[in-house]
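The same chain A turns up in both complexes below, where it pairs with chain B and then with chain C.
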Partner chain A sequence: MRAVFATGSLRARLVVQLLVVAAVLAVLLYFTVRSTADRAAEATQDAILGAATVSIAEQLRGGDGGVEVDLAYATFSMLGAVGQDRLFYRIDIGGETVTGYDDLPVPDVRPASLAAVFYTTPYLDTRVRIAAVARSIIVDKGPVPVLVLVGQTRQGQAAIADQLANRAGLIGLGFFLLAVPLSLLSAGSVFNPINRLAEAVGRRGPRDLRPVRHPAPSELAPLIGALNGFVARLRGTLSQTETFIAEAAHHIRTPLSTVRSEAEIALRQSTDERTRVRLRSMIRGVEASSRSASQLLDHAMVLYRSDQLEGVAVDLCQITRSLARAFGPTAELREVTLLVEGDAAPLCVLGDALLIESALRNMVDNAIKYSAVETEVRIVLATDAGMVRVEVCDQGRGLSGAGLTELSGRFTRGGNVGDVVGSGLGLTIVTEVAAALGGRFELVERDTGGTCASLFLPQL
Partner chain B sequence: MLGGCDVIAPLASATIPVKADMNLSRRRVGEVSLRFLLVEDSAELARPVRDLLALDGHGVDWAATLSEAQDCLNAARYDLILLDIMLPDGDGRQFLQAQRRLGHDTPVIVMTARAAVSDRVDVLDSGADDYITKPFDFAELEARVRAVLRRRGGAAQTVRRYGDLLFNPLTATVTIDSDVRDLRNRELRLFEILLGAPGQIFSKDQLCDRLFSYAETVSDNAIEVYVGRLRKKLVGSLARIETVRGLGYRLTGG
Partner chain C sequence: MRQFILATAVSLFATMAGAFEVEDERVFGNGPGPEIAVLSTTDTAFFAPLIEAFLVGRPNLRLRYVVASSQEVYRAIHDEGAAFDLVISSAMDLQMKLANDGFAASYASDAVARLPGWARWRDRLFGFALEPVVLLASRRAMVGLEMPRTRRDLIDLLRAHPARFNGRIGTYDPHVSGAGYLFATQDARQTDAFWRLAEVMGRLNARLYCCSGEMINDLVAGDITLAYNVVGSYALSRVKDAPDIVVIEPEDFTVALLRTGFVPVGAGQGALGGALLDFMLSPRGRGLMDTAAGLPPLDQSLLQPYLRPIRLDPGLLVYLDRIKRENFLAEWDAAMTQP
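Entry: the complex of A and B
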C-alpha cells in the first residue's frame, strides 16, 4: 500500500479522491431526498386520511334505537384521488363492528377523541396505513363509544416518493458526472505550478547552478527550498573539486620544482660521473611525474567539459597561431622549426576553446617531442569538405607500424618512444576531444619518415 | 633575511667559477647580465632559481610577497619579472593587472603551478608576456626569457664584448669585424656557457647536460658536432674554442 502511495500519479490520486467524494455526496443526496419525500408524502396522505376518518365519524348520527351511518361517496373520492390504492374501513359502535372489515386491526392505543391516531400495519396481503378516531354518540339517552378506522394501501404514496427519489438520484448522477471533468480540471490546475516549475528547472543550461527563483504556490516552497539547498551543495562540491585540483597541482608541482632546480644546480656543480647519472635520472623522474600530473588533470578536464558541452564559435586559426607562438621557445630549444601554413583568416568551428586548445597542444607537443634535432614541424590549416583540418606533421621517428587505435588507449604508448618522457594520455585526449566535438582524428606515418596528425572539426 | 631586495652575490660554492670580480648589483657596460625580480613565496624554490640565474651571471632580487615585490619595483628597474601566482598576500595575476594599469611594462613571465588550460589563458589575459609551468627545465626558462626580451625589443646592455667580437644573445648573433653571423639555438647556448666562464674547462658531459634535454638520448659525438659548428662561426676572431685533451673545451682569446 505504501508503495502504491509512494509511486503512481498524484494527479490520478487526487482525481480518484475527488470522484469518491462526489459519489458519496450523490448517494447521500439520493437517500436524503428519498426519506424526506417519503415523510412528506406520508404526512400529506395522513392529513387526507385523518380528515376522511374524522368526516365519517362526524357524520354518525345517534338516535333512539340505533346509529345512522352515512358513508358519503365524496369522502372516499377524496381518498381515491390518490392512485389505485384500496380502501378499508371499520366502524365499531359500543365495541361491535357494525359495518366494514371487522378484522381490520385496531390501534394499540385507542384514540380518545376525534384527534386521529395513525399507524401502519400488515393487513391481508399488504401493508395499510390506518387512521383511527373515537367519539361518543348518544343512543337511547346514553353515550355509546364509537371507533372509526379508515385504512388505505400506500402504492400511490410510494410511487410519488419513488418518483421524487429517482429524480434526486438522477440529479446526483448528474452532479457526479459533472464532477469528473471538474475534478480533472482542478487536479490540472493544482499540478500546473509543479509542471511549470519542472519546465523552468528543465530549461536551464547544464552549467546554470543559480538558485531557483520561479514564482510558485506556498505549498511548493519546501520543495524549492530543498532543490536550492541541493543546487548549493552541488555548486559547493564542484567548486571544491576545481579548487582541490588546482591546489593539488600547486602542492605537487612546487616541491617538484624545488627538487628539479636543486638537482639541476647539483648537476652543474658535480664532476663525479656516478652522481651525475643519478641526478639525471632524478630530473627525468621529476619530469615524468609532472607531465603525468598535467595530463591527468587535462584528461579529467576534457571528460568533464565534454559531458556538458555548450558550443560556441571558436577561431581555430587564432588558437593554432597563439599555440605555435607559445611553443616557439620549446621548439627552438630542440632546434626544431615550427611553421604554420594557411590563411590567417578566421576559421571557425563550433566547440569549446579549452577542449580544442588541449587537443592541439597535445598534437604539437608530441610532434616537437618526437622530432629529431634540426627538423621541421609543419602545422597546416585548411578546409576540407565542410570540415576544418589542422594537420601537424613532423619529421620524427614515426609510429613503427602502430595504429591510432592502439595508441589512443589510455596509458598506452608506442613501441618506439625510446626514452622520451610521456604519460600515454596525449592521444587519448585528442581522440576524446575530436569525438566530443563531432569531428575525427587521424594519425598516419609519412612515407618520407615522420608522422602526420590531423584533427578534423565541422566548419561553422 | 627571507626575501627582500638584497641582490644576492653569485654562488661562492660554485665549482664552476664565476668571475671573481663580478658584482651583480651594478651592471657593467658590456656584461651579459640581466636583472631579474623573482616573486616566489617558497624559499626552497626561490633559492635554486636564484642560484641558477646567478650561475649564469644574472642579478636576482627575490620578493616572497607582493608587498615586497612592490618595494623592489619602487626601488629599482628590472629587465624581467618572474612572477608566481599564489602568493601569501594575494593573487599574482591581480598584481600584474594593477602594474599594467599603472603603465609599468616590465616584461613578466608567470611561473605557474596550475597547468590547466584555463589558467594559462587567464595568465596571458592579465598581461603576462609568457608563462612557464612548474617544474620547469631551466633551459626552457632561459629560452622563454630570451624570446620575451627579443619580442620586447630587448635591452641594449645585453650585447657583450669578448675580445674582438660582439655577442648579442637576444638576436643570437656574433659580430666580428662588422660581419654579423647568426647562431643557431644550440650554438648560441654553447657559446653562452663558455662565455659565462672564459678559460674554464667544461667537460663534454657538463656541456651535454646543459645543451640537451634530459629526456633525449645524445650520442657521444653530439657535442663535437656543435663545437665544430661554433668554431666555424667564430672564424676570423681572436676568440677560440680550445680542445683540452681528455678534459673538455674552453674559450680563450678574450
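Entry: the complex of A and C
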C-alpha cells in the first residue's frame, strides 16, 4: 500500500478517494432515507391506526342490555388500504374478550386514557403493530373497563420505506456516477498549478538560476521553497567550480613560468655545454607541462561552459583578428607569415566568446606549430550556406593520411608530430566546441601540401 | 347454489368437532404424476368442463375436486388444516378472514398481477368470477305492472300493491344463509333504502329462504312473484329454461359477488394450484367459465356503471364480528317483524 502510494498517480489516488467518499455518501443517503421514511411512514400509519382504534373505542356504548359494539366497515376498509395490510382486533370488556382475536397480545402497561398506546409484537406468523386504547363505560349502573386493540401488519410501511430508500439509492448512485467526471475535473484543477509550475521551471534557460517566483497555491509553497534552496546551492557550487578552474590554471601556470624564466636565465649564464643541453630539455619539458596544463584547463572550461551554454552574439571577425595579432610574435619567431583574409565587417554567430576563442586558438596554434619556416598560414573568414566558416590553412607537413576521427581523441597525437611539443587535446577542444555551438569541424590535407582546418558555425 | 345451502350461523370462535363435511368428491384425470387437491364451494358439474380443459395439456396430472359448503371450507382450512392446493369459495368474507389470518400463501403470476385492485388482496387472495346479486321477477305474476328498475321503484311498487305482493316476495334469511347475510350487510352499507325495503317486505310477510335453489323453485312454480338478492349466475342458468323469469339488476346499485381462490399455506402442489387459478383467469379459462360453468368471468370492460363489486379488503371482517352480527340481525329482525 505504501509502495503504491509512494509511486502511482496522485490524480488516480485523488479520484479514487473522491469516489470512495461519494460512494460512502450514497450508501449513507440510502440508509438515512430508509430509516427516516420508515419512521415517517410508521408515524403516519400509527396516527391512522390510533384514530381508528379510538373511534372504535368511542363507538362502544354501555347500557342495561350489555355493551354495544359497532365496528365501522369504512374504518376497517381504510386501515387495509395503505399496504393491504392484515388486520387484527380485540375488544375486552371487564377483563373478558367479547369479540375479535382473543389471543392478540395486550400491552404491558394498560393505556391510561383514550390516547392510544402503540407496540409492535409477533402474532400468528407475522409481526403486528398494535394500537391499544382503554376507557370505561357504564354497564348496569357500574363502570366497566374496556380495552380496544387494533393491530395491523406493516408491509405497506415497509414497501413505502423501501420505495423511498430505493429512489434515494438511485439518486445516490446518480451522484456517484456524476462524481466520476467531477472528481476527474477537480483532480485536474488541483494538479494544474503543479503542471504550470513544472512548465515554468522547464522553460528556463540553462544558466537561469534565479529563484522561482511563479505564483502558486499556498500548498505548493514548501515545494517552491525547497526548489529555491536547491537552486541557490547549485548556483553556489557552479560559481565555485568556475573560480576553481580559473584559480587552478593560475596556480599551475605561475610556478611553471617562474621555473621556465629561471631556467632561461640559467641557460644564458651557463657556459658548460652539458648543463646547457640539460637546461634546454628542462625548458622544453616545462613548456610542454605548461601547455598541457593550460589545455587541460581549457578543456575543462569548454566542458563546463558548453553545459551552461547560453548563446550570445559573438563577432567572429573580431575574435579572429585579435587572435591573429596575439599569435603575431609566435609566428614571427618561427618565421611563419600569418595572414587574415576576408572583410573586416562583423560576422556574428550565436555562441560563447571564450569557447570560440579557445577553438580558434588551438587551430591557429596547430597550424603554426606544424609549419616549416618561411611558410604561410592563411586564415580565411567566409559565409557558406548559412554558416560562417573560419579556415586555417598552412603549408606544413600535412596529416600523413590520418583523419580527424583518429586525431580528435583525447590525448591523441598524430604520427607526424616529430619533436613538436603537444598534449593531444587541441582537436578534442575544437570538435567539442563545434558540437556545442551547433556547428562542425573539418580537418583536411591540402593537395598542394599542408593542412586546412575549418570551423563552421551557424550564422546569426 | 349448493354452497349457500348450508349456512349455519357464522361463529368465529366456535370449534366444531370432527372432520369437515364433504358434499361431493371427484378425481379428474388418471395420470401417474402429482395430484392437485382443490377445495371448492362450486358444484362439480359447473367446474368439470374447466378442469377437463385444464388437464388436457397436463396428461400426467390428477385433480381431486372436493365440494363443501362455504362454512365447511372455512372450517377445513382454519380449524383442521386440511391439505389442499387451491381453495375456491364464494364466501368472500370467510375467504378474506382466512387470508387475513395467514392461511393463504403468497402467489405471483402475470395473470393474477393483471387483476384489478378490488379483485385481489395482496398476493394472497384472487377473484376469478364476478356475479351480480339480482332481483328476479315472474313475468306472469307481474302482468299489468311495470318492472322495477331500482330499489326505490321496488319499494313504491310493493307499497302501491300490498295485496298483490303479500306473501309473494322471497329473500334469504340472513340468520341461516351466509350469502344472504353478506348481501344484506352489503346492501345496508350502500343505502338506507335497504332498511325501508326490509320494513316493507316484513309488512308484506316476505318468505325467508335458506337457499337460492328453493327460492327459485318457488318462483318458477309461481308461488312467489319476486326473489330479492339472488346470485346472478345461478339465476341466469335457470332463466334459460324458464322464459317467464326476468332478471333485474337494480340500477341504483347492484352488489356483485367475487368468487375467490387462494393457494393455502403449506400446499403440497401450490404451484399447480396456482396454475389452475391462472388457467381460470386465462382467456380460454374465462371463456369456459362463461359458457360451460355459467360463471361470469371477471372482465372489467363489461362492468355496468351501477355494478358494485364487493371489494376484497379487511372491511369484510367487520360483519364477521360476533357482536356486529348479532346487532345487525337484531336490526333486521326489528325491521322485518312488524308489531
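The working rule: the second predicted complex is superposed on the first by the 385 of 460 C-alpha atoms of A that agree within 3 Å, B and C clash if a C-alpha of one lies under 4 Å from a C-alpha of the other, contacts with A are read in each partner's own complex, and residues count from 1 in each chain.
Keep this in mind: contacts are C-beta pairs under 8 Å (C-beta built on N, C-alpha and C of every residue); 3 or more make two chains touch, one makes a residue touch a chain.
Nothing here was measured: the structure is a model prediction, and the numbers come from that model.
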| item | value |
| --- | --- |
| Touched partner set for A:T7, first chain B, second chain C, both or neither | neither |
| Chain B versus chain C as contact partner of A:I283, first or second or both or neither | first |
| Touched partner set for A:S189, first chain B, second chain C, both or neither | neither |
| Which of chain B and chain C A:Q84 touches, first, second, both or neither | second |
| Partner chain(s) touched by A:D70 [first = chain B, second = chain C, both, neither] | second |
| Touched partner set for A:L333, first chain B, second chain C, both or neither | first |
| Which of chain B and chain C A:G100 touches, first, second, both or neither | second |
| Residue contacts on chain A - larger count, chain B or chain C | B |
| Chain A-touching residues of chain C, taken from the complex the two chains share | 13, 99-102, 121-122, 189, 265, 311, 313-315, 317-319, 321-324, 327 |
| Chain A to chain C touching residues, read off their complex | 67-74, 76-77, 79-81, 84, 86-88, 91, 98-100, 102, 124-126, 155 |
| Complex contact set, residues of chain A against chain B | 245-246, 249-262, 264-265, 267-271, 273, 276, 280, 283-284, 286-287, 290, 293-294, 297-298, 301, 326, 328-330, 332-335, 353-354, 357-358, 361, 369, 373-374, 418-421 |
| Chain A-touching residues of chain B, taken from the complex the two chains share | 13-16, 42, 44-45, 48-49, 51-52, 55, 86, 113-121, 130, 133-140, 143-144, 146-147, 184-186, 203, 205-206, 209-210, 213-217 |
